[in-house]
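Okay, got some structures for you below.
Heads up, the next two complexes both have chain A, just with different partners, chain B and then chain C.
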Partner chain A sequence: MSRIALLLLFRRTLLAIPILLCVSALVFVILRLLPADPVAMSLPPGASAADMEKLRQAFGLDRPLPVQYVIWLGKLATGDLGVSIYFRRSVAELIATALPATLELVAVGLALGVALGVAGGLAMFAWRGRAGEQALDLGAAGLMAIPEFLWAILLILLFGVAWPVMPFIGRLSPDIALPAPLTGFLLLDSLARLRLDVFASALAHLALPAVALAIGVAPLVMRVLRSSLLDVIQEDYVTQARLRGIPERTVVVRHALRNAALPTISLIGVQAGFMFGGTVLVEMIFAYPGLGNLMVDAVRNHDLPVIQAVGLVYCVLVLGINAAVDVLYLAVNPRLRTPA
Partner chain B sequence: MDVLEARGLEVSFGAAKVLRDVSFTLRRGRVLGLVGESGAGKSMLGRVIARNLPEGFAVTGGALSFLGQDLVTIADEPRRQLLGDKIAFIPQEPLTALNPVMTVGRQFDEHLARLGAPRAGRRERAIAALAELRLRDPASLLERYPFQLSGGMCQRVLIAMAFASGPALIVADEPTTALDVSTQAHIVQIVRALQRDHGTTLLFITHDLRLASHVCDDILVLYAGEVVERGPAREVCAAPRHPYTRALLAANPPLDGAARRLVTLPDTMPGLAAFASLPGCRFAPRCPVKDPACAAATPPLRDIAPGRAVRCTEACLTGAAAIVDAAPPRPPAPPPGETVLALETVSKHYPGERDWLGRRRPGVDAVKPLDLTVRAGEFVGVVGESGSGKSTLAKLVMGLEAATGGRIAVDGKDVTVNDPAARRVRLGALQMVFQDPQSALNPRRPVSRLITQAMEAGDGRWSEAERVARARALLEETGLSPDLLGRYPSQLSGGQKQRVNIARALCVTPRLLVADEIVSGLDVSVQAQILNLLLDLRRERGIGLVFISHDLAVVRYLCDRVVVMRHGEVVESGDTDTVFAAPRHPYTRALLAAVPPEDPDRPWPPEPGPAA
Partner chain C sequence: MTPRTRAALRRCLASPRVVIGLALIAAAVAVAILAPFLAPHDPQEQDLLNTLLPPAWAAGGVADYPLGTDSLGRCVLSRLFYGARVALYVAALAATGAALLGAALALVAGYFGGWVDWLVSRLVDIWMAFPPVILALILLVGLGAGVNKVVLAIVLIDWTRFCRVLRSEVIVVRRRDYVAAARLAGFTHAQTILREVLPAVLPLLITLFSLEMGIAVIVEAIMSFVGLSVEPNVAAWGVMIADARQTMNQAPWGVVAPVLAIFVTVLAFNLTGDGLRRALDPRLVTSRGEA
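And then the complex of A and B:
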């Protein structure tokens, strides 16, 4: 199993290289074709033409486009993502602080969404043909009908303003000093340093944005899981397990769920990819210092190096999720790893 | 001691009584066969035992008791405790009855754990149980997944699991139907040996009366939810009394003896919806010897000899004796005409698929170089087990697959490369009838358009009136009522669908039909209708046939010549009667020996072959 998984990951990585090259070229060219001048944005209004030209040369923006791209690629290969025009800081440094924040948010949001979705799917299946199923189905339709950014605003209005029990700005309360980062993941760092106050505060700050993201995932997972379960429960091996006197709960969890999980896993993979897109708006609404906010700031300020780098990071994340789903699939479905 | 006893058991779906007045006792260590065609209700009993009735079905009367416990009223939890432990089940489709994502070992272990076996020793117990079934290398088998095993191996694993608890009763519902004949013989042998050694009681559900006569001690013949005949297996098969039992046996072509024309019953068994309008004998509408009284009231199941009972009046039983004797001999084959199809050293090699790392897996020689000629009016049977390449041969003949070697000629014209010109030659002379009548018919087209589909092709312009007229003629020729013209496939029975398929193939007046397992999905009585139809078509049209089948008895009845294939190779061929009477190749002999003989006193199955 592990050998096949490694081979698969190796193949995935090889395939990722041309994809990343295409994406980077696309982002690079489109950004250069836009009528935006990062130099003009980063200088005070009274700057002279000579000053602007000087800065342009300093950033290499006067060179031909292909040359700029090759230079950028060359530096990228050495891990140098350039310097932010707006923040005047290394892009790598900016991403290093923002990426763990976003990953943490997505991980908590996805875990919550999948947990709710699986629980809902199982409940819908257990209550099939009864009122509970109808109620859950209706609830899922309601959740799906409202987009996640609107949910974010609704959650703030409900639990931040009308009934102010949850924080909704940033990653941490302002009165708590940010501990020196180990991994950048606040939940992990605070546990490692035994700072339970930081952990509690970080978790509380994650709650509302994570719920907003989870709402986008849970109803879909719930519906797909339920319909797969309804298919699988008709299978001969489920009947045969019942005929062996296996208790119904075990039949569902051990025999039906494992087979019904297969389509659900591919759905979760797709949803995880979408979720990174969803973080952009949700992070803005919650002033959450992640990749999404960084991207929005960069776009607002025509900060080309940051836009390029964040775009590429998103691409790597989605490819990584795909590879992870493939490996998971391999683990759950023996047909893929064993020759017939 | 009675293990299972039914008293007036009744299962209903709404007002329709799906099972009516079913009574029997099954004594310890005996094998009871429940025999009937599809729709007879034979699987219902197993479902009552497992409380696994389909939606809307319910037990509405009578009692079914297992070792004195009432299975109808027993609560869910104690019933679950019985299943798998005291009552075990052997399923119909072994390949799908095991969970595909769990190893055989995990599933066996789960079963032993459910039986309360301590963790230590479970693995050894599983290995011992598999070894008892003559499965090779049981330890490594435990590590494998069901999809890596053949159907026969899966079935043996499931049988080992069924016997693991030493159950008092085993319910086997068509346990060999999905398997090849030689595998069927193995499985029957194993089940009988285990059943005898363990003194297990067995309820054997099957559509195959001849198989039941060799497997079972006693038989219940079911028709439309009623027991029509009951008695010792050998007696029922050697001297059937009820008109239906007689007809069922007479519809099943034998592998030896004189070739008589098969007896067919009109129509098919009534479905659920028709039960309410049949107050009397449910067989009466198809019965050749019915009298007016039959339609008025159901005759009781009455004892006619010790251990034998029949649901029929004395007058009818007397008349029924004539059914089989009246069958005329099978019509002789007409002299064959000119050669229609000629294959010269035709072969098909499938290259292995590339795996996801791009490496090519080894390929398969699906058909090794073979020669075959078929003349007009000649019926040629191609027999073999699954994987023998017989279906690939049909596809090569029809141009659905390209041959990788050799030459195919139709009417002397080379059609090896299926270009448009070759296609015209081919489709003018050959037509194919497919195995599954259901999926071969577009469900959204009425019969009239389905069977005249060929008139849409080419440049021939046909008016609507011409098409309908042609459709009428084809329906008549295939023994269907013109009422069916406007019906859709979902409104037809299985036998009617296969006739429609044949009618469609006849539309272009081909001289040769290629038929791939066209009766294997049909009940025996419907199969007999189709086989006789094919013989009639030859007499009237001089049509030829390439008949691909795993059923040797059917091929013997229908075909003048036979080709026996194994692993893509022709191992024996020749005149059917000669080959079947004196098979020369050991594989042909093994195939013939694997078929349950007509005479219930002939010992069958044959001695076991080597373990798989």
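And then the complex of A and C:
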């Protein structure tokens, strides 16, 4: 299986390259439609035309568009993402500090969403045809009608303002000094350094944003899992297992769930991609220093180098998740393992 | 109206989801159109002596401001009513645009196949690599802010939702005998697509359209929340949430009211779409009864 998985991964990577090239060119062209002048915005009001021209040259904005793109692409290949017009720092550095924060948030949010969704799906299946199923279905419809960023605000309102039990600003309490980063993932770093106070604080700060993200995924996972369980349970091998006297719980978990998991895994892949989009607003609302916050700041300040680099990073993340899910799909679905 | 259409319509109206959804949408449309008559105040009128009032029924509330006031003393209820105009304007226009663009490309790609299909599918692949919010932000940087730019951005992003789903349906439909029969009877490609293929995928298109209106309401709220949609003085639900967030400690109601408005509107579109899908999808109708 591992060889086929590797082959698949290789193919997906090859396919991702032209997509990323197109994506980056697209972003590049869209951003050059910009009516406002990012250079003029980043200078003090009294700056002279000569100053502006100098800065424009420094950022390469005076060259023709295709030339700018090729230069940008060439630098990208060497890992140079340019310099932020607004922050006046290397874009690669800005992304390197923000990316682990976002990945940590998505990992926790996704894990929570999938856990809740699977539990809900199993519950709906177990209560099929009863009031409990209807209640869960109705609850899911309600949860889905509120987007993540509104959940973020509602959660702050509930657990930050009305009943102030959870922190809702940033990644850590302000009285805890940020430990020197090993990986940038606070949960891992704090454990590696045996700083349980940092771990607890980081986890508490992750809780509300992760719940806001999880609410976006859980109802979908729940519904898809339930309907595939309903399909699978009519298969002959389930009847077989029941006839052999295997307890219902084992039938569901060992036989039905494994096959019903496949559509759910595809769904999780798609949703994980969307979740990166969801983090943008959620991070902004929780002042969580991740990619989304960086993106919103960059958009507000017309910081083109940051916008195009962060946009591209999001696309890499989405394509990466898609490839990872494909490999996972292969790993849990033996029917795909015979080489074509 | 053919008997089959009538039967489909009857199935739709028998679904409680569709009925409740449509009733809520009708109510929202009525509120938006009648906003000048329903709203007790001008949405921009400031009453600086009465800022951050709670709703009328709470302690300290005033009957003149049924849902209280915001930090500038503007009537929350009036702003909510006028906000419905922005939300439904964007929803209707953006969903129509995305449906037209997506359906046109899906019909052409699915019907003709070959390099057209290849090209459209690769376009969809590229678009799908972006989280929609990211593409929207990038587009609004390029296009500039404004509510019509938000509509354009949604059209340019969400056509893929229609295209992906409809294309695979068109591929199934174009192999049916009656499509070949239409061609043999002398229909041009355009006639075949419009008279034979399009009606077959119409139920799916209507369902997607309803869901897309809900999505558009959310995207508009996000963009006006970030300040990229309406002018800051226009009452939109996202703007109201962004304003009220600053004073959430003293006046939580200012946040809750627009959130509820978005919730009800999106729920209405989702219920309608969900109900239509269940009522119109032939696979669901035959295999699982009411499902």
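One rule holds in what follows: the second predicted complex is superposed on the first by the 338 of 340 C-alpha atoms of A that agree within 3 Å, B and C clash if a C-alpha of one lies under 4 Å from a C-alpha of the other, contacts with A are read in each partner's own complex, and residues count from 1 in each chain.
We take it that contacts are C-beta pairs under 8 Å (C-beta built on N, C-alpha and C of every residue); 3 or more make two chains touch, one makes a residue touch a chain.
Since the model is a prediction, treat every value here as computed from it, not as a measurement.
Aligned on chain A, chain B and chain C: do they clash or fit?
Here chain B and chain C can both sit on chain A without a clash.
With the two structures laid over each other on chain A, which partner does A:57 touch: chain B (first), chain C (second), both, or neither?
Touch status of A:57: no partner.
Can A:296 be said to touch chain B (first), chain C (second), both, or neither?
In the superposition, A:296 touches chain C alone.
Should A:141 be classified as contacting the first partner (chain B), the second (chain C), both, or neither?
second
In the superposed arrangement, which partner chain does A:333 touch: chain B (first), chain C (second), both, or neither?
Once the two structures are laid over each other on A, A:333 reaches chain B alone.
Please tell me which partner, chain B or chain C, touches more residues of chain A.
Here the partner covering more residues of chain A is C.
With the two complexes superposed on chain A, say which partner A:315 touches: chain B (first), chain C (second), both, or neither.
In the superposition, A:315 touches chain C alone.
So, A:154: does it touch chain B (first), chain C (second), both, or neither?
A:154: touches chain C, not chain B.
With the two structures laid over each other on chain A, which partner does A:26 touch: chain B (first), chain C (second), both, or neither?
Once the two structures are laid over each other on A, A:26 reaches chain C alone.
Closest Cα approach between chain B and chain C after superposing, in Å?
7
Which of the residues in chain C come into contact with chain A in the complex?
Interface residues on chain C, with respect to chain A: 125-126, 128-134, 137-144, 214, 218, 221-222, 225-228, 241, 245, 248-249, 252, 255-256, 259, 262-264, 266-267, 270-271, 274.
Please name which positions on chain A make contact with chain B in the complex.
Touching chain B: residues 7-8, 11, 235-237, 239-247, 254-255, 258-259, 332-335, 338-340 of chain A.
Which positions of chain B touch chain A when the two form their complex?
It is residues 50, 52, 80-85, 88-89, 91, 93, 96-103, 110-111, 114, 145, 147-148, 158, 161, 356-357, 361 of chain B that touch chain A.
Please give the residue numbers of chain A that touch chain C in the complex, ascending.
On the chain A side, the touching residues are 19-20, 22-23, 26-27, 30-36, 141-142, 144-147, 149-150, 153-154, 156-157, 161-162, 273-274, 276-278, 280-281, 284-285, 295-296, 299-300, 302, 307, 310-311, 314-315, 318-319.
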